[in-house]
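Notes for the one structure printed next.
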Amino acid sequence: MIELSREEDVYTLTMTAGENRWNTTFVREFAAALDEVEASTGAAALVTASASEKFFSNGLDLDWVAAPDAHPEAGDRGAFGAEFMVLMGRIITFPVPTVCAINGHAFGAGFMAALCHDVRIMRSDRGFVCANEMQLGMKIPDQELALFRHKLPRHVFFETVQLARRWTGPEALAAGIVSETGELDGLLASAQRRAAALAPLGANRELYGGQKETLFGENAVINGPHGPAYLLRTAGDH
Amino acid sequence: MIELSREEDVYTLTMTAGENRWNTTFVREFAAALDEVEASTGAAALVTASASEKFFSNGLDLDWVAAPDAHPEAGDRGAFGAEFMVLMGRIITFPVPTVCAINGHAFGAGFMAALCHDVRIMRSDRGFVCANEMQLGMKIPDQELALFRHKLPRHVFFETVQLARRWTGPEALAAGIVSETGELDGLLASAQRRAAALAPLGANRELYGGQKETLFGENAVINGPHGPAYLLRTAGDH
Amino acid sequence: MIELSREEDVYTLTMTAGENRWNTTFVREFAAALDEVEASTGAAALVTASASEKFFSNGLDLDWVAAPDAHPEAGDRGAFGAEFMVLMGRIITFPVPTVCAINGHAFGAGFMAALCHDVRIMRSDRGFVCANEMQLGMKIPDQELALFRHKLPRHVFFETVQLARRWTGPEALAAGIVSETGELDGLLASAQRRAAALAPLGANRELYGGQKETLFGENAVINGPHGPAYLLRTAGDH
């Protein structure tokens, strides 16, 4: 479901569950891989990628959400909401540089996960990033709104959350959602090169992660008393 | 002064007062048209357009402001400030998708009205959008600042409010002020097509409008205790 | 170190100290030039430029920071931090339009100074703007974070402060960090033309500076209780 490999200073976390839909088991395996990266010392950076050719991550595991008892391998349904948000709060303040290779569709929770990384590189010819809640008739949680608000220019934030716009790679690049696009062939290699270049910033984790806390943590208010990292992290409390 | 028509799910509100300058009568006719749209049920979207070939809306009715008694048809001068802001607060949180066809100049209050819509499509070859208060030696009200701040990227916000920049269609597109440009011929049709595509989002008005309240309502703080919708709406109270 | 000249309504402040590194003496000479501009009346605007062909301002005077006693001409080391921030707070709310001609590298404190101006024009073929603290292993002070956060679109803010990106002129233009680029030859003249066009806005200093106070002053909260001008200005108190 989640594989972690290392090549010099660069860890690569590969999601290998097809559409890579989020359920409690997926969250916990992802978190365990982060534990391993975080336990390392010295220069380091993380690349997050997908083994699929079509999907980065297609959102929630809706089959499981509809019938959790029919999918026990997907884990504790009741624990999911808060644990997912806490994981996002952990990624957005991760103490080493993080690079996301968006090789295909990133919808809903998958888009959130991508946006929590420091750098996004997206496939140019196919795939959309999209927060599709409005289209599905669902309210976007406050934590997710805070995340989008802090990461995107105002007009891009609005089109993303209110109009559920599907952004292609070139559109996402122009909008500032991703910082680079490329062909599928070579996308992972680009992400790994970028991660290798940023890895020295990860050597001082207290400094690198500490500044992200300042950017996204408690008191990083825009809309409400707290910023996205704090809201994501404390999602179980409110 | 204001005409409202309907074609399937798309309402078109056309301003037919030449330069479409804002006075109390204009505000109340605009509000009455919104009442009609809001009283409908099911999928719906609103297009706001101008019958003029040169002006979308050229700002306040300055003749009336200078000599209200000489223009009784323009309405109660004392009621204007708060009622105009309240109308803008209503548009920015309108519970169905709103598309604005900017066919010509949109200055001051006219630019505010355009910016309160969800989507803006602007004529490419002529016309400016501009908040010209600084050039006229007027302070921009807090409500208007909050509106611009929440809708525009930071550098665009600054050039707009502090330097009173006149943005052409192509410049407004690059800056994120509008999301599309086109020739005057076909501008209204483009806006109506866009509105038709977004109309299904308006079917659940509590959800669609409720999320805008979250984006722009009370506690949507950036500069002061409240966001633009709240400030616009309560302009009569402070 | 600092030269000030005037041509009709346009003051030009030229930094003539080579790399134009910041120490207490440099801060005080810069402030004295601002005193002279501020003592004038009527339409006015300020251009800030460098006499160097390679550097706009290369950041802190690190030789002096490392060994202040060996460089007594650089001034009181203990006074520097707060006085520098206060100067930045003064520029960001300066009551006449300010235009910065970035003719070469602007790093750290030099980038901050450029960003406090109303308009930036940057050399297109050489030179970087960069907040290089993360690369140097230094925490970015809260005042500086607030400045960057209020001036830049979200994704540009993040790449600037967290990833210490070196922006070329064309990249800075696309990102909204500068509003114009040009060849070194003619850069100063462009800045002066722009300043002359904006100078009338400076005639009413209470209005022009007062609105900047609203944009950047106390209560201009995003991340913490106060905005960048307030934080910069009161840097000595906390």
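For the reader, a short list of remarks on this structure follows.
By letter and in written order, the chains are A, B and C; residue numbering begins at 1 in each of them.
FYI, contacts are C-beta pairs under 8 Å (C-beta built on N, C-alpha and C of every residue); 3 or more make two chains touch, one makes a residue touch a chain.
It should be emphasised that the depicted structure is a prediction, and the values quoted were computed from it without experimental measurement.
Residues touching across the chain B-chain C interface largely differ between the two copies, under half of the numbers being common to both. For the two copies, chain A and chain B, the CA superposition rotation is 120 degrees, given to the nearest 5. If you average the CA atoms of chain B and of chain C, the two centres end up 35 Å from each other. Shown for chain B are the residues in touch with two or more other chains, namely 153-154, 221-222. Chain C contributes residues 97, 118-119, 150-154, 157, 176-177, 179, 198, 201, 204, 207-208, 210-212, 214-215, 219-222, 227 to its touches with chain B in the complex. Remark: chain B residues 134-135, 137-140, 142, 145, 153-156, 158-159, 161-164, 221-224 touch chain C in the complex.
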